[in-house]
Amino acid sequence: MDFLTIIQILDSTIRLATPLLLACLAGFFSERAGIFDIGLEGKMLIAAMFSAAVAYVTGSVWLGLLAGAASSVALAALHGLASITFRGNQLISGVAINFLAAGMTVVIAQDWFQLGGRTPSLFGGARFEPIILPFAEAVADVPFLGPIYAELLSGHSILVYVTFLLVPGTWWVIYRTRFGLRLRAVGENPAAVDTAGVSVVGLRYAAVAICGVLCGIAGAYLATALQAGFVKDMTAGRGFIALAALIFAKWRPWPAMWSCLLFGLLQAIALRYQNLDLGVFTVPVQAMDVLPYVLTVIILAGFVGKAIPPRAGGVPYVKER
Amino acid sequence: MANEAPAIELKGISKAFGPVQANKDISIRVMPGTIHGIIGENGAGKSTLMSILYGFYKADAGEIFISGQKTTIPDSQAAIAAGIGMVFQHFKLVENFTVLENIVLGAEDGGLLRPSLAKARKTLEELEQEYDLKVDPDAIIEQIGVGAQQRVEILKALYRQANILILDEPTGVLTPAEADQLFRILGRLREEGKTIILITHKLREIMEITDTVSVMRRGEMTATVKTSETSPEELAELMVGRKVLLQVDKTPAQPGDVILDVKNLRVVDEMGVERLRSIDLQVRAGEILGIAGVAGNGQSELLEVLGGYMDATGEVRVNGTLMPLTGAGADGRSRRESGVSHVPEDRQREGLIMDFAAWENVAFGYHDDAAYNRGVLMDNSAVRADTEAKMERFDVRPPNPALAAKNFSGGNQQKIVLAREIERNPDLLLIGQPTRGVDIGAIEFIHQQIVALRDQGKAILLVSVELEEILSLSDRVAVMFDGQIMGERLPSQTDEKELGLLMAGVSGEAA
Amino acid sequence: MDVVPKWAEVTLIPIISLLLAAIFSAIVIIAIGEDPLNALKIMVQGAFGSTYGWGYTLYYATNFMFTGLAFAVAFHASLFNIGGEGQALLGGLGVALVCLLVPWPHWTIALLFAMIGGAAFGALWAAIPAWLQAKRGSHIVITTIMFNFIGAAVLNYMLVNVLKPKGSQDPATARFAEAVHLPTLHDILAPFGIAFSKSTPANVSLFIALAACVLVWLLIWRTRLGFEIRAFGKSQSAARYAGISGVRITMIAMLISGGLAGLMAINNVMGEAERLVLNPTEGAGFLGIAVALMGRSHPFGVFLAAILFGFLYQGGAELAFFTSIPREMIIVIQALVIMFTGALDNMVRMPLERIFLALRGKEVR
Amino acid sequence: DLGGKFDKSFNEAAFNGAKRWADETGGSFREIELQSEAQREQALRRFAEAGSNPVITMGFAMADPLSAVAADYPDTKFVAVDVTWLDAPNVRQIGFAEHEGSYLVGMLAAMASKSGTVGFIGGMDIPLIRHFGCGYAQGAKAVNPDVKIVANMTGTTPAAWNDPVKGSELTKAQMSQGADVVYAAAGGTGVGVLQTAADEGILSIGVDSNQNHLHPGKVLTSMLKRVDVAVYDAMKAGENVETGVFTLGLAEEGVGYALDENNAELITDEMKAAVDAAREKIIGGEIEVEAYYTNDSCSALDF
């Protein structure tokens, strides 16, 4: 395949990887603090709905983003209430949140817009427009590097750049700051944090809140940057893929980025080459469609091996019974 | 000294966990610059009381005075602020953090880590000088020995400028050498004018180092005496409520034919490190072979290999039949079938399933036993009945088969494991750290059981880091160091000093 | 050391939790301008008011029992099998093949082999993730998620390119032969003089599901294998000490789990649709997770939770018929039920504990 | 159909037809959106028992349940849209010649395309969607024999109907393969296709109901499937609606292409002329548009 095609595939990789990466980092914060979260999907979904709805009503995508994040944080808080304050089962809570979002988004959107759970299409200021990096046009014709800069790196929405900056950001926060140290500690052994005179509950709520914000951005990206409005169930399982990517990355920020990019790439390839014609026979669309998932399993079995989750992950912190 | 305010004064402390009254109206006063011992049976309420003082649990009633001032301690933060530091029975360290990270955790200055760590490193060096508390600040906790881990806990407290230091069963996991070092450190701290509370099950330690000692029973403070004015026997009686034999009395062994025969046993772990290097040993019927050694010198591996769940090369014969050391047949079940019982070192991780009821734990490992099954189904009532009987005979408290293992005290947990393994009357009993964290009442009982089994003509391989225990129980003592057997001695013809040297790797000839 | 007595644990707490869920659902319904009491009446009427309602309620419940049990068994070995959906899909394929390829003389024999087929396919679909977990340590949560997607694609391919009758627009297999149609509750109860609605999908599979509940209970709590599964699930280090093979338990638990999920197909594919359509499971596999967790992985709990969700499904459908409440409202209600009964149960338990402690405050030692 | 009302195409069209009837005649109708397979039969019985007449069903998936139910309610009339192969006396079966409509928009696409490459994006990979694609391809080839047709399906799970993000990516992927007109037959996913096409400045073609207004001047046209008309007529006829099998093609105005102020300047007169000519020919039988179903394959396009 020619160079330009590669660029285009990578370009699409970045777009597909961005929401995954946001959700993945969201899960990263939550699970590093010992709170398992299979509710990423739901938080993304509700954020997508509210960001689109508010962006449409106010005509400002930023207000939309804000609303999306807020709604997602609200669900995160619910998850916190269940799993931190009331020491409930974190998995059930996650499942419930996914259901809740799937239902609520449509019920509310229908109640507001009577469009069967869709929001009206967004125009102009109600959407994130692509950003053309400086001199993108100028260098576009420079052989090799030109296209990479102009086609691949330039022309994404602000959220994409923010997301990829979040990776080093996350790394720095987790490994270079007091908050990060405590966050990791509370995910490994909350009793140690508690006896060190730091509030376990406080830390965990903070982590869950961050998770909510990031999921919120992810949802807003789907509905107001990639798309121009909310369509029911538009997250289409990306929350679960993000979770897979997180485990895949063994709960570390940089690997998280790479695994999300890998998932994005596999999807991009699958979308680009349906019905691969191998001369002898053509690979059916179904096969290409599941390629990402099959390869994930193979890679997982072949190269990644055991992934050890944070030790206190999933278990509520109880000192008295 | 009389007119001086006590460093710590507790008045009428009470605490209940649900239905369990862990502490009942407890009052003590501890003078500054002294070491105060607290003893009591498992479950007496020692840890709870200290946890309250440290703000880990909240008391239901009672007052706390720190050097005269009434202080409320809602959480550990307040305790730290009041200059209290605590070394918990089950360490509260982050396993995969470095020593340094564990020490600064919660005591960082500033939002950034680098400066905090740098500062901690400096302070650490000073503390090391001051109390010769040696630890590598960059070592990962799970890769250093328990002794070192405990020093980290102490450093944590000192780093937070604690004047009052609480240690809950600190020597439970230490070798005599390590224990002695700990006591030197405590001595220093006392000289510095710091106040220390020491919870232990070992009267020797109480007599050795404390100034005053309190005895707890069933959640109540039954007595507080000056150490100089009491004796181990008296304390033991105060604690258990009856006379206790502190020495094991046993007749000389009549060794029979060889039961366990080990030749050239080697273990290499996945990192390629040699854990066992060509071990040869024999245990005869009717004798106890004691394996002494500092924790982490291959004793655990030896037990796991003999127990059937660690791969190895070499020869292991039980009653003359060769035991497979890898692949099929190399598992606990097949070992049991060939007459080997195993009381593992770590009752909470291996010996028991903490969430299982006592009766399920009694069946655990022997659940295939015909007596426990009716056709395809398990006969739970039979298991329960058997459990009640065993609890009766081993005087497990509370004698309630339905109670989850985690709700028994360490001593009673250990009794359950012993009951399960001993009552099988095996040809060979492997037993590791039989009395770790167990109160003297229970220790006496457990030791009697072991000796009784020997007298029935069974072979017993005993691994313990308690030299005292090794010397009083064993008929022969082998010392392990760095995966090798450094030498073998007869208890009658050796002493803690010589064994100590062997344990330190100074070879037999030199010693 | 539980403070709350068993009877309260199994009655008071779930009931209060359900009440809370109902209250919050009512708030939402009011918010979209509908009458919650009327809604409740319609749901209860529709689900339990007639044998017709029961027929559907039990039909859905049957699905959830199978998938709930499937998840529960794996969960006892601390294996988080999210793959119930895919395993049930493949089970459907297995059942369909059995029913289509052989001209069965009588439904009984057909059912027997359909069960084998469904269970086998489901187990097969669970076997690969299980093996990868046991041997390669690949995280079973990921692999099972992936296998859900893959399973859906396999089914789609089979239907569109292989099993679809030529010329049909509907990506589904042909209808199964009359002979393999399973008797519905109507057919079964008629001999006993019980007039059960003729037009409901509930069928013999219900009894197989009930039997499965009992068998799983026996397996987990009364057999050596179950004992080993639970032991392994609670403490792998202890299991290793006792000589319980992790690989063996992982494989067996997952095979049983997948098999149960696959068995669901005898209800929805053989019993209801009587042909294999796209997406025959409709999320029952995922709901099974909630059902199992709510049922505390105990077969009886699973049974109750399955009935509860059967009620929500059927009651919800009736709601959609008779009001203009959007169908997604049902999902919201389900979510609230899962949340309150499954995750916020301590919100109810903690106050109760205080009450009970106060009551028996005297007899504390 | 499970797709849900307001999918901006198929089901919505039906709903609009019903509403139009209700508004005009003041009559009342009840509707239900199914959420599970088992409810198909359930719903039919419910309505039949509730005395609704006629009972109108949407989508091929209702065929099988209908075959089971219809007989039980002989004096209820059923109207089955997208079903043509049952033999039930009391069922009015309405099929649409989607391939004919698709043929026309295919022609328009080929004519509007400057690159000589046109795209087709289906939702879930099912025969019906292939049927659309097949007609489309034939139309395009008729205009420009060596036109390149890029065809994609969004996925293999029901999620494929509601994944606009994937729709967008597919559109971009097809653009990168030269496509400058994209025909979306993919329910909610199509929203993403039309959106991206509009953003990227290429043309798109809507489906089922007239979607031109979604992005005025950027949607070339829409393949109309006059479900609304069918529903409207059925309701108008009421109890005594005529049963039997009816295929609504171009002749019956059952399918067609949308021309309104939103796309007026996109469709040049000669394009219109050419298409209308073809339309006549198809009606007249001079052009035979191959249907995918006839032998589950398509000569003009392989999937």
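By written order: A, B, C and D. Residues from 1 in each chain.
Operating definition for what follows: contacts are C-beta pairs under 8 Å (C-beta built on N, C-alpha and C of every residue); 3 or more make two chains touch, one makes a residue touch a chain.
These numbers were taken from a predicted model, which means no experiment stands behind them.
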- Query: Among the remaining chains, which ones contact both subunit B and subunit C?
  - Reply: A
- C-D versus A-C: which has more C-beta pairs touching? A-C
- Between subunit A and subunit C, what's the gap in Å when you average each chain's C-alpha atoms? 29
- Message: Measuring centre to centre with CA averages, how many angstrom lie between subunit A and subunit D?
- Response: 34
- Any idea how many Å lie between the Cα centroids of subunit B and subunit D? 76
- Note on the structure: Within subunit C, the set of residues that touch 2 or more other chains is 1, 149, 153, 156-157, 326, 330
- In subunit D, which residues are in touch with two or more of the other chains? 125, 156
- Task: Name the residues of subunit A that each touch 2 or more other chains.
- Result: 117, 232, 237, 286, 289-290, 321
- Message: Show me, using the given definition of touch, all chain pairs that touch one another.
- Response: A-B, A-C, A-D, B-C, C-D
- Item | In the complex, subunit C residues that touch subunit B | 1-3, 218, 222-224, 227-228, 230-231, 234-235, 237-238, 240-245, 353, 357, 360, 364-365
- The subunit A residues in contact with subunit C across the complex are 78, 81-83, 86-93, 95-100, 102-107, 110-111, 117, 232, 237, 240-241, 243-244, 247-248, 284, 286-287, 289-290, 293-294, 296-297, 300-302, 304-307, 321
- Message: So in the complex, the part of subunit A that touches subunit B is made up of which residues?
- Response: 175-182, 184-185, 188-189, 191-199, 311, 319-321
- Query: In their shared complex, at which residues does subunit B touch subunit C?
  - Reply: 16-21, 307-309, 331-336, 342, 344, 346, 349-356, 360, 363-365, 367-368, 373, 376-378, 380, 403-404, 407
- In their complex, what parts of subunit A are in touch with subunit D? 4-5, 8, 11-12, 15-16, 19, 115-118, 121, 222, 226-229, 231-234, 236-237, 267-268, 271-272, 274-275, 282, 285-286, 289-290
